Every structure is written in structure tokens, then in C-alpha cells.
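Input: one structure, supplied below.
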Amino acid sequence: MTSPASSPEIQVPKAGSWPVFGWFTLAFMVFAQWYAITTSPADRDMGDLQKILYVHVPASWIMSITFALVFVYSLLYLWKGKDSYDLLAASSAEVGATFVGLTLVQGMIWGKPTWGVWWTWDARLTSTLVLFLVFVGYLALRAFIDEPQRRGQWSAAVGVLGAINVPIVWMSVRWWRTLHQMQSTPQTMEPVYRNGLLINFLAFTLLAVYLIRRRYEAAMTARAAELALQAAALGGG
Amino acid sequence: MTRVRSQGGDHWRRIRAIAWKDLTTERRSKAGFNAVVSLGITILVLFGFALGPDAQALRDAAPGALWLAVLFAGVLAFNRSYQVELDTGALEPLLLYPGARWTIFTGKLLANMLFVGLLLVIVVVAGMVLFAVKVPEAWPTVIAVLALGTIGLVTLGTFYASMASRSRAREVLLPLLLFPMLVPVLLAAMQASKALIGADLMLEAGAWIKMLIAYDIIFVLATHLAFEHVIEA
Amino acid sequence: MTRVRSQGGDHWRRIRAIAWKDLTTERRSKAGFNAVVSLGITILVLFGFALGPDAQALRDAAPGALWLAVLFAGVLAFNRSYQVELDTGALEPLLLYPGARWTIFTGKLLANMLFVGLLLVIVVVAGMVLFAVKVPEAWPTVIAVLALGTIGLVTLGTFYASMASRSRAREVLLPLLLFPMLVPVLLAAMQASKALIGADLMLEAGAWIKMLIAYDIIFVLATHLAFEHVIEA
Amino acid sequence: MTHPTEDVFAIEAQGIARRFGARWILRGVSLHVRPGEVIGLLGSNGCGKSTLLRMLATLLKPTAGSAAIYGHDVVKEADEVRRNIGFLAHTPGLYDDLSARENLEFAAEMLGGGHEDIDAVIERVNLSHVRHERVRGFSAGMQRRLALGRLMLTKARVLLFDEPYSNLDTDGIRLMNSIISEAARDGGAALVVLHELAPAAGLLDRTVTIRDGRVADPTAALLAEAELAGAAGISVVA
Amino acid sequence: MTHPTEDVFAIEAQGIARRFGARWILRGVSLHVRPGEVIGLLGSNGCGKSTLLRMLATLLKPTAGSAAIYGHDVVKEADEVRRNIGFLAHTPGLYDDLSARENLEFAAEMLGGGHEDIDAVIERVNLSHVRHERVRGFSAGMQRRLALGRLMLTKARVLLFDEPYSNLDTDGIRLMNSIISEAARDGGAALVVLHELAPAAGLLDRTVTIRDGRVADPTAALLAEAELAGAAGISVVA
């Protein structure tokens, strides 16, 4: 039998010890949160509200990772054309969009009691929102295209261009803000908070890796099932 | 088929043919350009109503309103540029011509550049009248800013339209993909215009202009490289 | 063909069938609604950038920006509603069904009303967050104003789309026809919203609301009467 | 189906004419089709066959002349005409995002009829296996079959077909022919635009040829038919 | 036109397959067409004929299997394949707002050829009288003729036709047949999708029938042809 033109070989990824990894990640996250919350003193201005920091900042950190992943996998897909890269990029984007969404919501929940408004046109907030919208565009495109090959090619192009735009958005929004008056931004970190934050960075990174991996497994399994169908169709009567 | 071809000449021929065809069909569809221009001005007027009767507030918002009007009106042109291929199934024959595919993109880019450039000129003049903005002293720089902004807008718009127009939700998908990507270009163009109109520090405008140039170069290159993958799929 | 028909029942059946069909195709195109909502929010963000980072200026412009965002995003829905007939030449069979033509219009109107109504709710909530607008005390009246504005917008939009979508320049023509006609409804809705949000004199809002009601009644009736002529041509 | 009175023409066109811009496409076509008849409409590309059908179907207004379906004028009594005609155009005119069955359900609602016949119709046009699939992925012939199914729901008496055989396979052609002859048998009539007589062999009562915007005289029409048969290397079975 | 080496197939498909969503339309079609051959491609509605043509024309990528045009792989050497194939699809794919001549001029520019042949081609497809009119108002058959004219400009060797006779009148059918046989005579080849053999009588070297996503065995194909001829009430002239 000749090999398919688009995907020479599809390796059905095994769940392997990933579920164990998942449980470990969960346990580690609980520990990290507990550690961070108990070791940090109540903030001078914000009181215990400050504890949102430990979900908020790591969540925003995940955003950067996932955007980088979308960029890398999209390029790889355009170059090699392997389905797995497309699905990895898509999985990263989904996880990324979720975390950016979380960052936004947490930030707004945090902002209301701290700043008195849900939203302010601060540089960091605004650029986060714009990047979120770029992610939304990427996912909307995927939703609107049925043909897998076309979906892969197009979303890869959108993913690469979107990622190129990230630093430019960042810069432009900051200039836009700072050229006028500066809004009250969160004060810089004190060491007491730092350890709790670092350990949560690690926990969230593990979580992102886990989620992307499982999402990817699901997508690949679906793809592989289709290919099995192909084998049946070509081989049988 | 033994045919001696000069690669460069061939490319240029194709680019010209595409641009000519797009502009001709656009011109023939009578109301095309006039309608887009009228729409741009209509949007300006709507902004005028929305921002209330305060003259100073209007003047302050003018660069933003101008660019948004061009953006909203221009978006329509991009989809039209592929619509003409899709309405009658002409995209397939187009893809069947042998030769480099990026020339299709360049041709459409040129046509759209002319279209949106003209639109911009008219909307800007109308906007200056409506919002009582004076001709700034640094007007050559303002023109450069406008040109740079147009390049960024048209490049990304033409590129994304090549996908959006072939999807199920063309009208929605194009702005949805395009607008967030254009935030830097909009901000740069608006801020540069603002700085220049307000006879502000040239320094400030300078930084924005540099950014616009970088943005334009990056995206013109990236879209040309990516187009082949996109149009084929 | 001897068939005993209850006129009213038949009309309602047709209206329901059209509305169902429009909503179903819209829902099937998966992210259709989500995409339009995201676009509405994207437009709000663009307004945020255009009107500068100054919080007070933003708050003042909020009602205008909100209505414009709904308008720009909503316009896409209107054209889509006829696009579905035109893409596949389904309009001819539709016109060949015997019976009153205005039911086609009413059906599409209902579907669009639901679509734009939902869009409005979400965009308004997002806008209040982004532009730091507080929930006004007279919120029931604000909701009434929004509803009245939506009726006017959707009625005219659905009507004009029936012509625009069949012209070659559909994407451009619809807003071009629609926006100037909507100026009164937009002004009224914006002023009423502004007055109410600013906890302004109820009197002022009251006058605008009366005007909105008159506008809605006139246009719902007029479009229903005119539709038969428009769709036939 | 009720039987029509026999003294009225199913289709009657009197000097019907149509101009596009400055060009006259039809210059006065007169046509009389009796109930029970199946007429073939011939003519070279661009002679105005589709235009004639669209005028009879009330989709296009004549520039001059008049036409009536069972005595109802196509301009003045358009609604009554629409109750009586079924039109199968070049394009199928289906909703891509509805399934085959949903498309017919919609048609039934718009026609004010029930949903009982739908499954039978789908069975008849041989689309049962894809009844719940969206029309978007249907091939050209499958779409034409579904459009034919919609036509069957209308219970129209006068059927207008614009090149009905294109895209259809042998089985589809057979189906099309049986539907046309059933309609005629029940006191209806059919006007069928075609370029080749072969698929409609044995079906047509007579043919009408359009040439230079008018109905060509019968001898010319006969010659055209002979030429047609000769060109394709076939012999028409009478 | 240069003469190809005779030891390479004009069209060679090896177990080519295509899936849409989860449905397999073609399950492995193998096809060998020698230079000089004209092949008819038969099959019922929705069996995947258009899909096969689109894959050969590089417009659609095969899900599995491979195909080559004069030895050039349709996926890996797409550009070389495009130099060699001409494809006449269901839809004409013309620009409505350009005139007939302008449409061909555009095609000539895109092909890198001169404008000398254009008038001759327009003459040949019998559109001289409307050469400067916009395509928007053209009838279905006129548009198909113009698309055929564009195909003639390409000087392609392998021609793919998807139901070429639909919408064409007798004269058009004759023109189409002469173009197909000329192409084959000059060492090219043609693959013609059709539902009726009549218009192509005397033209085809052999037919291939697709059934259940595969090439049906020759006996089945013969039966299909007989059935086809029988159903339409015609006798095929050998």
C-alpha cells in the first residue's frame, strides 16, 4: 500500500505515565498554592487579596509559553507538513487561550477591589487583551474550516504571523501608555513573595505541559482512528 | 514545451495582469470605489455624532476616527478582491496557471494599495474638514506616516482575506483576524499623526515611524512567504 | 387544488419556517455567533485605542462607541442572512413558493432580532467593563432604550440587506444605505443612553424614547409594505 | 390531484418578448401547450430558453407580450401562477447547511403541506442513504436529485425544466423521465429545455425551437432535430 | 506542440484515494492512459468522478496513493503538472465584469503567451459577435464555450473534461469533439467525464467506470454501457 501524501506515518501517542504525571501535577499545585499562601504575609494595601497573585502571574506566564509553542509548531508544520505539528499547535493555542482568559478574569476580579474599576487601559492589561483576541481569531479560523489540510495550513500561517506580532503589540501598547500619564501599576516584588511565586511558576508550567499533552493525545487519537478507517477502506473489499 | 522564459519578466507580467484585472473589475462594478469612499465618510460622520458636539473632543479624537474609518471601509475592499475570484469559480483556473503563486498575491496587493490609498486620501481630506483639523506644518511627514500605515493595513488585509474569503464566515472572519493584528499599526499611525498634527515633539513621532517601517517590512516579507501555503490549501 | 387554508396559520408557519432555517444555518456554521461577538468586542477595544487612554474621555464616549460596535458587528449579520439564499441560488425557489412575500421578511426579521439582541447584551456588558461605566439607576429604562434601538436597527438592516445583498457591491452597499438612515435611531439611542447613564434629567431621555418608538413603528410598517416590491425586482 | 378543465391551455404565451439592456433576446414568442403535453424546447446557446422559462415562472417580467398558466396571467396573477408551476433551474438552490431532509421539510412548511410525503420523496430520488447529511458535500447530481425532490413536493401541474438531465446518471435520467411523464399523465404539462433529444426519447409530444428570438417554423425545427441526431451519431427512437 | 516520448503514460494513477471527513469517496483508483488516448469516465452521481479529476489537476491532494501526468507527480511536481494539463470544470470560472476577449487576454498573460491566437480562438468557439461584451450576461452555453476557448490557449497536452457537453448545443458539441480529438491526435490525451455516451460517440477509445470508489471491472463497465444505451433508447454507433 502506498503511503498517504499528507501524513506519512502517524504515531498514536500513548498515554503512558502521563496520567501519573497529571496526579503529580495536581498534588504539586495544591502544595505550591498552600506554600505560597501560608508563607506570604498579608499585603500592606491589599490584605489577603494579594494571594490572587499566585494564580494570576503564573497563568499569564503560561500565555507566553503557549504563544511560543504555537509559533514553533506552526513553523514546523509549514516546513514538514506533519499532522502532529498542526495538532500540537492547536492544542497549545487552546490551552493558551484558556489561560489568557483566566488571566483576564482573575485580573479583573482583582482590579475591582484594588483599583475600583474592572478594567483600565494600562499597557499590560491592554496588550494581554489584544493577544487574547489574536488567539480567538486563530481558534475561530480553525472552527470555520472543515478540511483538515486546509485548516492546518491556514492556521499555521495565522499562528506564525500572530506570534511575530506579539513583541510589536507589546512595545506599541507600552509606548502608547507611557507617552501619556502612567497608571498606578502593581508595585515591584518583595522577596517574601518571590519563592511562593517561583514554585507556582513551576506548578503552572507542569499543568500546561500536561494539558497540552492530553489535548494532543485526544486529537491524535481521533486522527489515528480516521487513518485506521482508511486502512480498512483500502485493504478490505 | 520548450519555451525560453525570463523569470523576472514573467513574474512582472503576471503581477501586472492580476492588478489590471482586479482594478478593471473594480472599476466596472461602477459603484465600487465611490461606494467605499462614501461609506468611509459616512463612518466619519457617525463618529462625529458618537463623540458628541464638543469641538475640542472631536479634534482630539480625529486621528483615531480617521484611521478607524479607513480601516472599516478598507476591510470591505479586501474581501471583494477575492470575491471576484470566488463568485464565479475563477479561483480554480487561477490556481491552474503554472508559475509562481506569490505573484497573485503581489498583484492583488498592488491593486488594493491603490484602492485603499485613494480612499485614505479622500477620507483624510474629508476628516480634516469635518473635524476642523488644520494642515500641520510637518505635512510631508504626515503623508509618509499615512503611506506606511496603508502598507501595513493593506498587506495584512490582503493576506487574511485570502483565507477568510474562502471560509464559511468570510465577512466576520476577516475583521476578526485582522483587527487585533493591526493594533500596532493603528497605534503607531494614530500617535504619529497626533504628534505631528499637534506640532508635537518630532522625536516622539520618529519612534513610531521607525516602528511602522519595521512592521511593514516584516509583514510584507512574511505574507509573501506564507501565501503559497495558504492559497494552495 | 382545493385546499382549505387558514390564512393566519399559514403565514405564521412560513414565518416560523424562515426564522428556524436562518437560525439553524447560523448555528450550524459553528462559531458564527461567537465570532460576531468577538468581533464586537474587538471593535470596542479598537475604540479604546482610538479614543486614547484618558479614562474620562472614554467614559464620555462610551454610549457612542457601544452603539457603533453593535452597528458594525450587526451589519455583518444582516448580509449573512441573505447570503445564505444567494450563495446557492436558493432565493429563486424561495420566491417561487406561493403565498405572501412579507412573511419571508418577518421570518428573517425575527431571526436577526434574536441574533442582534444577544449580541447587544454581550457587547454592552463588555463595554461597561472596558469603559468603566457604572450600572445606571434607571437601568430598566436603559434596557427599554436598548430594545427599541435594536428593533429600529434590525428592521432597517434586514430590509436594506434584501437589496444590498443582491447587488454586486453588497458588503459596501448595505452600510452605505443603512448608516445614514440609522442616524436618528442611533442619535436617539445614544442620547437616551447618555442621559440615563449620566443620571441626567429623565425628561431629556423621555423625549428621545418617544422618538425611538415613533421611528420603530414607522419603519416596521413601511418595510413590511415595501418588501414585496423590493424582493421581486 | 384534480383534473383541469380541458378547454384552457396549460401554458399560453402570446408574443412574449424580453430585452436586456439594448439587446432583444426574445422578440415575440407564441407558444400553446395543452394539458397532458410534454414539449421539448430547443435552441442554440444564448438564444433565450432560460429567459423564457424564467418569465413563465414569474421570476422575470416580460418586456412585451403576455403569458398565462392555466389561464392565469404571469404578471397580474403571479401568486396563482406560482401555485401551479414547478421550476427546475440550472442551479439547484438548496441550503448547504441543512441536511437533505431538512431542506425538504423547509419546502413543505413554505408550501403549507405536511411532512408525510418527505421520506417517500427522498426514497424516490434515491438519497435515503444521505438523508441526514448536509447538502454542502453533495455532488452535482445529488443536488439535482434533491432539487427534483423539492419539485415533487410542490404538486405543481405545469413543470418547467431547464436542462434537467445535466449531471444526472442513467438512473437519474430514468427517474426524471418518469416524473415528467407522470405529471403530464395527471393532466399537467411540462416544458423541457434540452440540447439533446436522446435522454428524453419517447417522452416528448413535440418540440419547439427558438431561433433569432422567435419560434422557428416547424420545418426548420424538424431539420434541427435531424441535424442534432446526426451530429451525435445516434438514431432517435420515435 | 512537441511530441512526447511514447514510453511514459499521459495519465498514471496508482491506488489514488480520497476521503472527505470520515467518508471515503475514492478507495484506490488505478488508471493508465497512453498518449493519444481519449478515455470516457463513467459512474453514478456522487461516485467521485469530479474528485478524481480535481486530484489529477493538482487542485485537491490525494489522501493516499499517487498520480502522475507524463511522469510528473501531481503532488511533488505540481507546477510541472500544471504546465501539462487543461481542466474544464463544472463551473466556467470566468470574470463576469470582463469581456470575452479580456478574459482570454488575462489568461494569455497568466500563461506567458502572446495575444496573437486570441481572436482565432474566439472565432473558433463562435463568440465573435459578443467578443467585447461582458461575460455577466452570457448564457450557460456561451460561458462554457468561452471556458473552452481559455483551455485552447493553454496548449496543454492532457485535457480533463468534467461533463463537457452540458449546456452545449449541437454545434457546441461538435466543436468540443473536434478539440478533444485534435488534442489526442497531437500526442496528448483526454479524460472525459460523461453520463451519456451519445454526444461522444466515435470519440472514445475506451471507457472506465467508477463504482464504490474503485474502477469497476471491464465486464461490469460493459454492462453499464449497455444499460446506459438501453435506458436512453439509443443505439451507440461503434
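By written order: A, B, C, D and E. Residues from 1 in each chain.
By definition in this document, contacts are C-beta pairs under 8 Å (C-beta built on N, C-alpha and C of every residue); 3 or more make two chains touch, one makes a residue touch a chain.
A quick note: this is a predicted structure, and the numbers were derived from the prediction, not measured.
Common neighbours of chain D and chain E (chains touching each): not present.
Taking each chain's centre as the mean of its CA atoms, E is the chain most distant from chain C. Seen from the Cα centre of chain B, the chain whose own Cα centre is farthest off is D. We define each chain's centre as the mean of its Cα atoms; on that basis chain A and chain D are separated by 57 Å. With each centre defined as the average position of its C-alpha atoms, the distance from chain A to chain C rounds to 35 Å. Inter-chain centre distance (chain A to chain E, centres taken as mean C-alpha positions): 48 Å. In chain B, the residues that touch at least two other chains are 29, 168-169, 173, 176, 179-180, 183, 187. Touching two or more other chains at once is no residue of chain D. With touch defined as above, residues shared between interfaces to two or more other chains in chain A number as follows: 130, 133, 136-137, 140, 144, 149, 176. Chain pairs that touch one another, listed by label: A-B, A-C, A-E, B-C, B-E, C-D, D-E. Residues 1-2, 57-59, 79-80, 82-83, 85, 87, 89, 91-98, 102, 106-107, 109-112, 134, 150, 155 of chain D are the ones that touch chain C when the two sit in their complex. Residues of chain B that touch chain A in their complex: 156, 159-160, 163, 167-169, 173, 176-177, 179-181, 183-184, 187-188, 191, 204, 207-208, 211, 214-215, 218-219, 222-223, 226, 229-230, 232-233.
Residues 1-6, 146, 149, 226, 229-230, 233-234 of chain A are the ones that touch chain E when the two sit in their complex.
Of all residues in chain B, those touching chain C in their complex are 29, 31-32, 35-36, 38-39, 42-43, 45-47, 49-52, 57, 60-61, 64-65, 67-68, 71-73, 76, 79-80, 168-169, 171-173, 175-176, 179-180, 183, 186-187, 190. Chain A contributes residues 78, 130-131, 133-134, 136-137, 140-141, 144-145, 147, 149-150, 152-154, 156-158, 160-162, 164-165, 168-169, 171-173, 175-176, 179 to its touches with chain B in the complex.
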